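Structure first, then comments.
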Amino acid sequence: MKDITTRIIKNDKVAEKTYLMTLEGDLTETKPGQFLMVQVQRSHEPFLRRPLAILSCRDRMIEIFFTVRGEGTALLAEKRTGELVSFIGPLGNGFSDPAPGEHLLYIAGGAGLPPVLSMAEHLGRGMFIFGAKTEAEIPLHNRLQNLEGIQTLFCTEDGSLGTKALATEILSRVIKSLPTSTRIYACGPREMLRQTWNIAAHAEIPCEVSLEERMACGFGVCSGCVVETQQGNLRVCREGPVFDAQDILWGSR
Amino acid sequence: MKTAVRIREDLELKNPIITASGTAAYGEELSEFLDLSVLGGFVTKGLSIRPKRGNPTPRIAETPCGMINSIGLENVGIPVFLKEKLPYLNQFSTPVVVNFFGETEDDYVIAAEMLSIEGIAALEMNVSCPNIKRGGIEFGKDPESLHTLVKKVREVTKKPLIVKLPPLVTDIVVIARAAVSAGADVLTCCNTFPAMVIDENLRRPLLGNVTGGLSGPAIKPVVLKLVRDVSQSVHVPIIASGGASTYRDVIQFLLAGATAVEIGSESLRNPLCFLEIIKGIEEYMERFRMHSVSEITGTLEIV
Amino acid sequence: MKTAVRIREDLELKNPIITASGTAAYGEELSEFLDLSVLGGFVTKGLSIRPKRGNPTPRIAETPCGMINSIGLENVGIPVFLKEKLPYLNQFSTPVVVNFFGETEDDYVIAAEMLSIEGIAALEMNVSCPNIKRGGIEFGKDPESLHTLVKKVREVTKKPLIVKLPPLVTDIVVIARAAVSAGADVLTCCNTFPAMVIDENLRRPLLGNVTGGLSGPAIKPVVLKLVRDVSQSVHVPIIASGGASTYRDVIQFLLAGATAVEIGSESLRNPLCFLEIIKGIEEYMERFRMHSVSEITGTLEIV
Amino acid sequence: MKDITTRIIKNDKVAEKTYLMTLEGDLTETKPGQFLMVQVQRSHEPFLRRPLAILSCRDRMIEIFFTVRGEGTALLAEKRTGELVSFIGPLGNGFSDPAPGEHLLYIAGGAGLPPVLSMAEHLGRGMFIFGAKTEAEIPLHNRLQNLEGIQTLFCTEDGSLGTKALATEILSRVIKSLPTSTRIYACGPREMLRQTWNIAAHAEIPCEVSLEERMACGFGVCSGCVVETQQGNLRVCREGPVFDAQDILWGSR
């Protein structure tokens, strides 16, 4: 775990309010699903770092990918090539590797795309369901469309791209045709994850979810980011952000 | 040049920089960033005799130049701490200060007894917990409750006893005197300010627990004055806590009368700040040709 | 859509946005930026029966997301205000609220009498002044002193009487109740937090007066909780004051129970903020299809 | 008085810790000695605007000129061409015009240069004394050297440029040779201004000084910036920053 200050190679707008930022630098041994705590400005405002998934890390370049939600991400969106950014990372556990021969299904909703896409690009096989509200919110369309070894299904709530459906509705439809030795990797809004888990549990398919929680430190000292699990409170930043969906007490919030 | 400070005749810190309770957990994670032996002292997460699950999430809210937490004192409990966490901390040459709290006076007393063992350098009492007997007002906000509580704890421990004061009181000097007259060796000034944040679109409090405690640079100017007020009215060492983020803040707290300074929120956003601050203090002392931190503490000049 | 709010049956403000005492002087300068008639209310600089010179400079210190002032209540005195300043303010359609203070109870009473004239819509009492009779503790920090003081003032004026509470007290609800039971029509929550800043190189306080009052966004989360606590325990309208800088802050204060909000420090750095905030409130109300500000006040949902 | 957001044309380092920033924009009717309240960042940190003198304002360009002292000026120093800056201004009274035929003497110490230089460039005649600690702290050397119609005397405390002397020592020397109908325009550290006033008073020469004080608003509402004068407290931002030196109660601080 390191505290690194590095230069922005580029910061491109890739969809409505969505940016792909490439940073200079290496991170030895990162896993898809791990994240960085990114400092937005050198001053004390905004005060906290922002947790952002590592989309990719290769050839001395780190990609992060974010949707503008509030002040911090808006400031990140304004940053230009050559500016410095600092971050702590890699943080968290990341998705676990599948067993040999396991079938793979990735499912992402809206801003939950980065960790799942990262895993899909890492493994290079399986089926990818990506849902968003509307076409404008679907970023990296080409990159998703052309994922090597992966079949991508798009869906939107308004039908402007792909099927008019929720990602979980697509999941319900395809799950019957999946072999039982399938593993699901999921990230998105909590309600989507809960439904994904429901569907997966029914089909007795293991499912890993990447959770979001408000964080102060991101490296495990503040206990700010806990989630209630069968094992008691666990820290999303440390024991997570990826959990086995069946360990989460979904009803508790 | 000597950066060491003494908070009781039998307890010297190698420098005035201490972790703040609840912001460095039990040390394991922070030590991935730095050697804990460089610290003047290590204060643990607040501990209780039984484990505690804490509050519902969200537990963290960002505010202008600060943050609110409503962790709700989640902790592993003293027995687990002593067995699993303390040995780890005792690898380092840094004195371990255990922060503790209870729901009743007896809880505090039992906790203090359990913690009065080798490997623990001092006890820091968090008295910002409601005293159920006295109508739910915090122990630390009522001078009488506080006096009784500290006295009882004092009777069962010979360890340096630090009492951590609540900041939002009408007259902190009255509270400080109550703690000292009951036997506190040191005062920490102060805990977080009760605060809240609202999501105006959802029309709901942002924190699962509705309210929490404000910390960070935002509160520093208020805490600086409280430290000065307390240090001018009692004759025990003061540990400042509240918004210190740079060596300059630390020097300001020392000038105002503090003997040591806890760094909390800043270390959440920048775990390396401890190293930067300790270096900054050393450079400051060189710049002004000082030989000891005691040349700073309480030397504010009022013209 | 109706942005108007009522703070007493005989006093309606066209919107909930008010200047804060001491940050808009007597109106002349601010009106170079905007038409004062757009404001819900105009609160004057704090006035006393005799002119006051205030504290030595520096009187201003910047702090993280805030500022400290130690103006020391400099003002032209009530007679000069009535003769030279009030006629200017009365050109605008905005109700004029006069903030006033004294050194003794009699000062307050005389001031209130002098100010109970046409052209003044309401009186706001600053009770953060030392009560010399009661050992120098501020009137506003001691419920009994406050009760007596407010009662005496209440006897001499029929104007809406607003009492501005100090924030740094053990239990603001006790203070709020003392003011209301003595006849306050409205409470302003709150004044600035006592604070200080030190220049660590000069080893001196930065302010000429050593200490001053902290204001600005830094204190907002604390004041938000105080506003909520007060509004849940008394049945008079609350004016929030402390760190509001955007329409979002204002909505949060309203949700927490405020009827109107004073904007102070933010308007020093951005005098046009009043217009931006009023526009923001209107847009918020449209977005949520609200017809009246009363649909916001006190409607915070706690799940 | 306006609140203006405008673009930076350039921001050049012109001496040790000293920057000349050129902004796009017009200010109708500014006077030398007036100033702007410049917002350092859009966020709340730093909280207050910084008072900076208007060095010049012509051809739709406004020049300001500042020395890095703390956080705010350090952030201003980092700003680049094309970035936006907002300010309120013009503020304050400015220097008063001389009577016809009056001789003119300008005296500036260190960071007090901008308002005095502005006045000298405006009037285009007289003698200019500029003192600094050392050569490195003397900015705009060429511009000062070549002021049209003006004779410039440099002095430094260490003798690295011009005479080794304080500006007020030079003033003491030249004052005897000045006609009584001279007017002095001064800005610099308070102790320098006090001595300038002393010397001028002795010679019965009128002297205008531009003062500095910590400001919150800069436009007269907060009473933060007062100076004690024969007429009582006056606001540096409103009744000043330029005062007749004989009105100031110099001893009071």
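In order of appearance the chains are A, B, C and D, and numbering begins at 1 in each one.
What we mean here is this: a residue touches a chain if its C-beta (ideal position, glycine included) is under 8 Å from a C-beta of that chain, and two chains touch if they have at least 3 such contacts.
Everything numeric here is computed off the predicted structure, so don't read it as measured data.
Asker: Going by the stated contact rule, which chains contact chain C and chain D alike?
Answerer: Intersection of chain C and chain D contact lists gives A, B.
Asker: Per the definition at the top, count C-beta pairs in contact and tell me whether A-B or A-C has more.
Answerer: More contacting C-beta pairs are found at A-B.
Asker: When the C-alpha atoms of chain A and chain B are each averaged to a single point, how far apart are the two points in Å?
Answerer: 36
Asker: Taking each chain's centre as the mean position of its Cα atoms, how many Å separate chain A from chain D?
Answerer: Inter-chain centre distance comes to 55 Å.
Asker: Cα centroid separation between chain A and chain C, in whole Å?
Answerer: Distance between chain centres, rounded to whole Å: 47 Å.
Asker: Give, as an integer number of Å, the spacing between the C-alpha centres of chain C and chain B.
Answerer: Each chain's C-alpha centroid was found; their separation is 33 Å.
Asker: Enumerate the residues of chain D that touch no fewer than two other chains.
Answerer: Correct list: 44-46.
Asker: For chain C, write out the residues touching at least two other chains, lowest number first.
Answerer: Correct list: 61, 63-66, 216-217.
Asker: Could you draw the chains as nodes, link the ones that touch, and say if you get a line, ring, star, complete or other?
Answerer: Topology of touching chains reads as complete, every chain touching all others.
Asker: Could you pull out which chain C residues touch chain A in their complex?
Answerer: 64-65
Asker: Which of the residues in chain D end up touching chain C in this complex?
Answerer: Within the complex, chain D touches chain C at residues 1, 3, 39, 44-49, 88, 213-217, 219-227, 232-233, 238, 253.
Asker: Any idea which chain D residues touch chain B in the complex?
Answerer: Chain D residues touching chain B: 44-45.
Asker: What residues of chain C sit close enough to touch chain D in their complex?
Answerer: 22-25, 28-30, 32-33, 45, 53-54, 56-67, 69, 71, 74, 216-217, 245, 265, 267-272
Asker: Can you check the complex and tell me which residues of chain B touch chain C?
Answerer: 61, 63-66, 68, 137, 141, 168-171, 193-198, 200, 202-205, 210-211, 214, 216-222, 224-225, 228, 243, 248, 251-252, 255-256, 284, 299-303
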